[in-house]
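Listed below are the structures to be examined.
In what follows, subunit A forms one complex with subunit B and a second complex with subunit C.
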Partner chain A sequence: MTGKATTWTRAGGHLVLGGLGVLCAVPIYWLFATSLRRPQDVSSAALLPWPLSLQNYADAWAALDLPTLLGNTALMATAIAAGQLLIGLLAGYAFAAWDFRFSRALHLAFVATWLVPFQVTMLPNYVLLHQLGLLNTIAGVVLPQLCSALGVVLLRQHMLGFPRELLDAARMDGRGSWRILWTVVVPNLGPPLASLAVLLFINAWNEYFWPALVLQRSNAVLQLGLRSFMGAEGNDWGPMMATAGMACLPVLLLYLVLQRRVVDGFVRSGLK
Partner chain B sequence: MARIRIERVSRRFGGVTALEDLSLDIAHGEFLVLLGPSGCGKSTLLRTIAGLLAPDSGRILLDDSDVTDLPARDRGVAMVFQSYALYPHLSVARNIAFPLRARRTDRAERDARVAEVGAALGLSGLLDRRPRELSGGQRQRVALARALVRDPAAFLLDEPLSNLDARLRTSTRAELTELHRRLGSTFVHVTHDQVEAMTMATRIALLDGGRLEQVGAPHEVYDRPESAFVAGFLGAPPMNLLPARLAERDGALHAVADGVDIPVGLPVEQPEGSTAAEDSGRDVLLGVRPEQLSVRRDGAPGGGLRGRVRLLENLGGEEVAHCLVGGIRVAVRGTRPLGVAVDDPLALDCPSEFVHLFAPTSGRRLERRARDRIHVPI
Partner chain C sequence: MSALVEVARPAPPGALLPQRVRRRRRTVAPYLYLAPGLVLLAVWVYRPLAQTAQLSFLSWNLLPTSPAVPVGWDNYARLFALPDFGASVLRTLGLIAGLLPFTLLVPVLVALAARRVSGRAARAYQALVFAPLLVAPVAGAAVWSWLLEPRAGLVNRALGTQANWLQEPGPAQLAIVVITGWHVLGFAVLIVSAGLTGINADYADAAAVDGATPGQTTRWVVLPLLSPTLGFLGLMTVLLAAQWSFPLVDTLTGGGPIDATTTVYYLLWDYAFGSFDAGLGAAAGMVFFAGFGVVALLLVGLTERLVVHDS
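For the complex of A and B:
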């Protein structure tokens, strides 16, 4: 009886999860399928894109300076993710390894920045960038985003779980705090660092509004490039899907490479 | 080798006092065991010596130089942690070499030292493994090797045996004692295990509530406990402690209570002009070790302790009888069989030289003075 019930429960579970999986995968499939149709078939609802054509990619390539866009986007996303990771690492280490005055209050202040809506900081940041002469530059996009409260909170949490005796042992063995961070803490935080890196990179990569505001031209990063296929007389779906497909690829590749560590990181943080 | 002096060290954590005005002098080459129940401050004291914790007040001296404000890495002492604290991402060889790398020792010397220490501790075949691939005993030896490789002035050991199984603990205990004998360095070993303390220490420092209860060689601490706490902490089962009152019996002082009438080995002092014995009528805490009590075979009437057996424990070669004497639990330990059964009434004798007396309120040991009177020290 119980065996049967378990089988049914499991089958039900798989059905629900499978359904959710399909729901997630269909839009991505549709994106790539549309990008591979012939331009005249773009609005076709056939499940399989047949005959296959790379014409949309060629059109996108002709319309946009894709290598520059990809390069700029990669540079921006990498710089933002690296900055957020580094600051998260240093701040998380400080919060986790030391008891100092107001450390709790300071940590709460970090968390509280989460509650401040982007719209509140958008204009002051814009004005500041204008005064610094950084409008229309990648640096202008990156600078205000160098610190992420998510990164700080997540890494602090992981470091709190880090065995204190290891830090003490490293101190006894003659290492200073700075070298302990790089030779003991970081090598043992692989999975959380990898998962956070992917998360931050994807966030930065997909950013649309802030780059649009700072860069003010459509040919700087991919997400803005996509806009040029939207016109008053209708959207150019084929090249748009091709560009969007290409915009997805680096993120997908990064995830595939780091997949095991990312899953590890999330599973462990879930267990804590 | 190093002499470690702790001078009037205090340390509080929030509202909790971990160490209170504690002074201790640890000589060159000593194997000092810091013993006490959980939360007595022994680990805090060790971490203070190591430099991982700063005392609120007081000084730490290493070989006559004040190291109170010196960071841990400059003190030249090594520590073995309870969890071993091996770096999980490094191989055994690199774990052992870690302190040398931090001191930028050149590579040839580093490799030679690692090989030498590894061989001395039987780790030669394991140098390329990661800590997670080692057994508990092997990890413990790697932690020890990492401490040894620096050739430190003193070794601080924080319950290094507590994660080992009973058999391994016994053999490791012997190995540590042997290592201490070979190196002749100062060892400070923290434990709550009295067997470790009794077997390994040249001196035991017993702590309670952040204060030193007694410091002395294992036999001193065991045979002449300075307080009821020390008496009740050491021994398996620990010393029996019974509230009693001193009374005069035929010119000698006896400790008397319900079911208790035992000579304490003191003559009655009669101050001039008085008819009452001086110490007669005084409340005391009577202490007797379980192994010093003997069951009176003939069951004849007389003094000693009288009670009833509640429980018998078979320890293999020995047997422990837990009895109730006037409502107080009293343990008797002797060669098996003791010759008693559960619910038997029994009479117990104890030679008066093995009777200890403590003050009932302060718990301090009551001493004999020159005139053989007893008084409370302090």
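For the complex of A and C:
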């Protein structure tokens, strides 16, 4: 009796979860399915894209110079993630390893940036980039985003949980704080550091607002190249889906390979 | 936003170092480590915030050659007199209400259902639900504009409807809510699942021993213990809903049709870079900044009062 009931509830669980999972994945599937159809089949509703064709990718390539866009996007995301990680490490270390005046106030200064929406600071930042001559450059996209409160707060949290015996031992050896950071703290921070790195990279890769503002004239990253396909009268769906596929593929591959790290990073962080 | 939760958790400052060493090291070292981050914050967050505050009292059309004229509180007066302002606040509230099922109701149901499904299958389903979060907002917008295409789009074909989703006010609002919900659902499911895992199973077992049905246990034991997680998700939804939907509104509807999808942040964006009314945009920015700040404080206080703590 109970055995039967649990079988039924379990089947119900599978149905609810599986149904929702499929529903969530349909748009992603349809994105790639459409991009792989022959141009004359793009409007087809057949579930499987058959015969397969890469013509849409070739068309997108011809319109957009995809390799440059991919390279620029990868460069931008790597620079932003690396910068945020480095600055987060240094600041988190300062908060975790020393008890100093204004420590609480300065920590609050980082946390409080969450309450400042991008749209409130965009105009003065845009003007400053204009004065620095950095509009329409990748550097102009990277520079204002180099410090992430998320990175500082999370790394501080992790370092506070760090076993102090290790640090004491290192200090007995006569190592300075800089060497302790790189030879003791960082090597022992592996998994959370990796999760955070993946998360910051994905966020930077998918970033839209700021590149849209800074790179107005050049459309030099994938998200903007994709936007240039949209909105025009009579969308060219095939190449557009191919470009969208290229914009998602690296992150989705990263997710396939590093699923635990990615999920871990998002759970720890909250959503930016 | 998780920081709001995390600061509340007491963490002994400087626990890394024993007292003696700490005192000796009351030097410039921590300030040096903090310097790069603080400089960046000052230049790219707090300076522009102050400038926006300043700009909200000026009239300026963004042209470097034309001077900015001080106008006192005029921008604020103009802002509150404009019908757009109140309408955009109401629409943002509607968006938040529309998203709450995606960030609270469905995640709780799904996470509860997931407990009945064995490990590997549950993880596979969660991986599927989570995937949309990783799709870049613009790519999400692209594929949804294709799915919602009136003639050849999959949605109209599957539902047998002929709606012109993004060109009519009601359907466009619904579309923005659903697409935003699609993006964030997996994240909420993950957070609720993590919250459920963190609940000590002894409580539910004790309730079962006392003769509680599974439904009663869920309602009176599990849900109260889950309330901090739900409070956190609710807070994030209220504060970030308009941010999450911003790239979708910008690429899919441009705030239209007839302003039906113009949220507070889109209005702000439009004042500054659409109508080049920098003063008005800055005034709107300050009002929304202060408004969301007050709401955040109120909600943090409220959840502190209402949530049940496992003790």
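Here, the second predicted complex is superposed on the first by the 226 of 272 C-alpha atoms of A that agree within 3 Å, B and C clash if a C-alpha of one lies under 4 Å from a C-alpha of the other, contacts with A are read in each partner's own complex, and residues count from 1 in each chain.
Here is the rule we go by: a residue touches a chain if its C-beta (ideal position, glycine included) is under 8 Å from a C-beta of that chain, and two chains touch if they have at least 3 such contacts.
Quantities reported herein were computed from a predicted structural model and do not represent experimental measurements.
Peer 1: In the overlaid three-chain picture, which partner chain does A:28 touch, first (subunit B) or second (subunit C), both, or neither?
Peer 2: After superposition on chain A, A:28 lies in contact with subunit C alone.
Peer 1: Between subunit B (first) and subunit C (second), which, if any, makes contact with A:263: first, second, both or neither?
Peer 2: second
Peer 1: For A:63, is the partner it touches subunit B (first), subunit C (second), both, or none of the two (neither)?
Peer 2: neither
Peer 1: Counting only touches as set out at the top, which of subunit B and subunit C does A:244 meet: first, second, both, neither?
Peer 2: Once the two structures are laid over each other on A, A:244 reaches subunit C alone.
Peer 1: Who does A:174 touch here: subunit B (first), subunit C (second), both, or neither?
Peer 2: In the superposition, A:174 contacts subunit B only.
Peer 1: On the A-aligned overlay, A:82 touches which partner chain: subunit B = first, subunit C = second, or both, or neither?
Peer 2: In the superposition, A:82 touches no partner, neither subunit B nor subunit C.
Peer 1: If you tally the residues of subunit A touched by each partner, is the higher count for subunit B or for subunit C?
Peer 2: More residues of subunit A are touched by C.
Peer 1: One more residue to check, A:187. First (subunit B), second (subunit C), both or neither?
Peer 2: After superposition on chain A, A:187 lies in contact with subunit B alone.
Peer 1: First (subunit B), second (subunit C), both or neither: which does A:97 touch?
Peer 2: second
Peer 1: Enumerate the residues of subunit A that count as touching subunit B in its complex and touching subunit C in the other.
Peer 2: In subunit A, residues 168, 171 are touched by subunit B and also by subunit C.
Peer 1: State the interface residues of subunit C toward subunit A in the complex, per the touch definition above.
Peer 2: 1-7, 11-18, 21-22, 25-26, 29-34, 36-38, 40-41, 43-49, 51-52, 55, 62, 64, 106, 109-110, 113-118, 121-122, 124-147, 149, 152, 154, 157, 182, 184-187, 190-191, 194, 232, 236, 240, 243-244, 246-247, 250-251, 254, 265, 268-269, 272-273, 278, 281-282, 285-286, 288-289, 292-293, 296
Peer 1: Which of the residues in subunit A come into contact with subunit B in the complex?
Peer 2: On the subunit A side, the touching residues are 163, 165-166, 168-176, 179, 184, 187-188.
Peer 1: In their shared complex, at which residues does subunit A touch subunit C?
Peer 2: Subunit A reaches subunit C through residues 6, 9-10, 12-14, 16-18, 20-22, 24-28, 30-31, 34, 43, 45, 87-88, 90-91, 93-100, 103-104, 106-111, 113-125, 128, 130, 143-147, 149-150, 152-153, 157, 159-160, 162, 164, 167-168, 171, 177, 202, 205-206, 208-209, 212-213, 222-224, 226-227, 229-231, 235, 237, 240-241, 243-245, 247-248, 251-252, 255, 259, 262-263, 266-271.
Peer 1: For a test of understanding, state which residues of subunit B touch subunit A in their complex under the given definition.
Peer 2: 47, 50-52, 71-73, 77-79, 81-83, 85, 87-89, 98-99, 102-103, 146, 150
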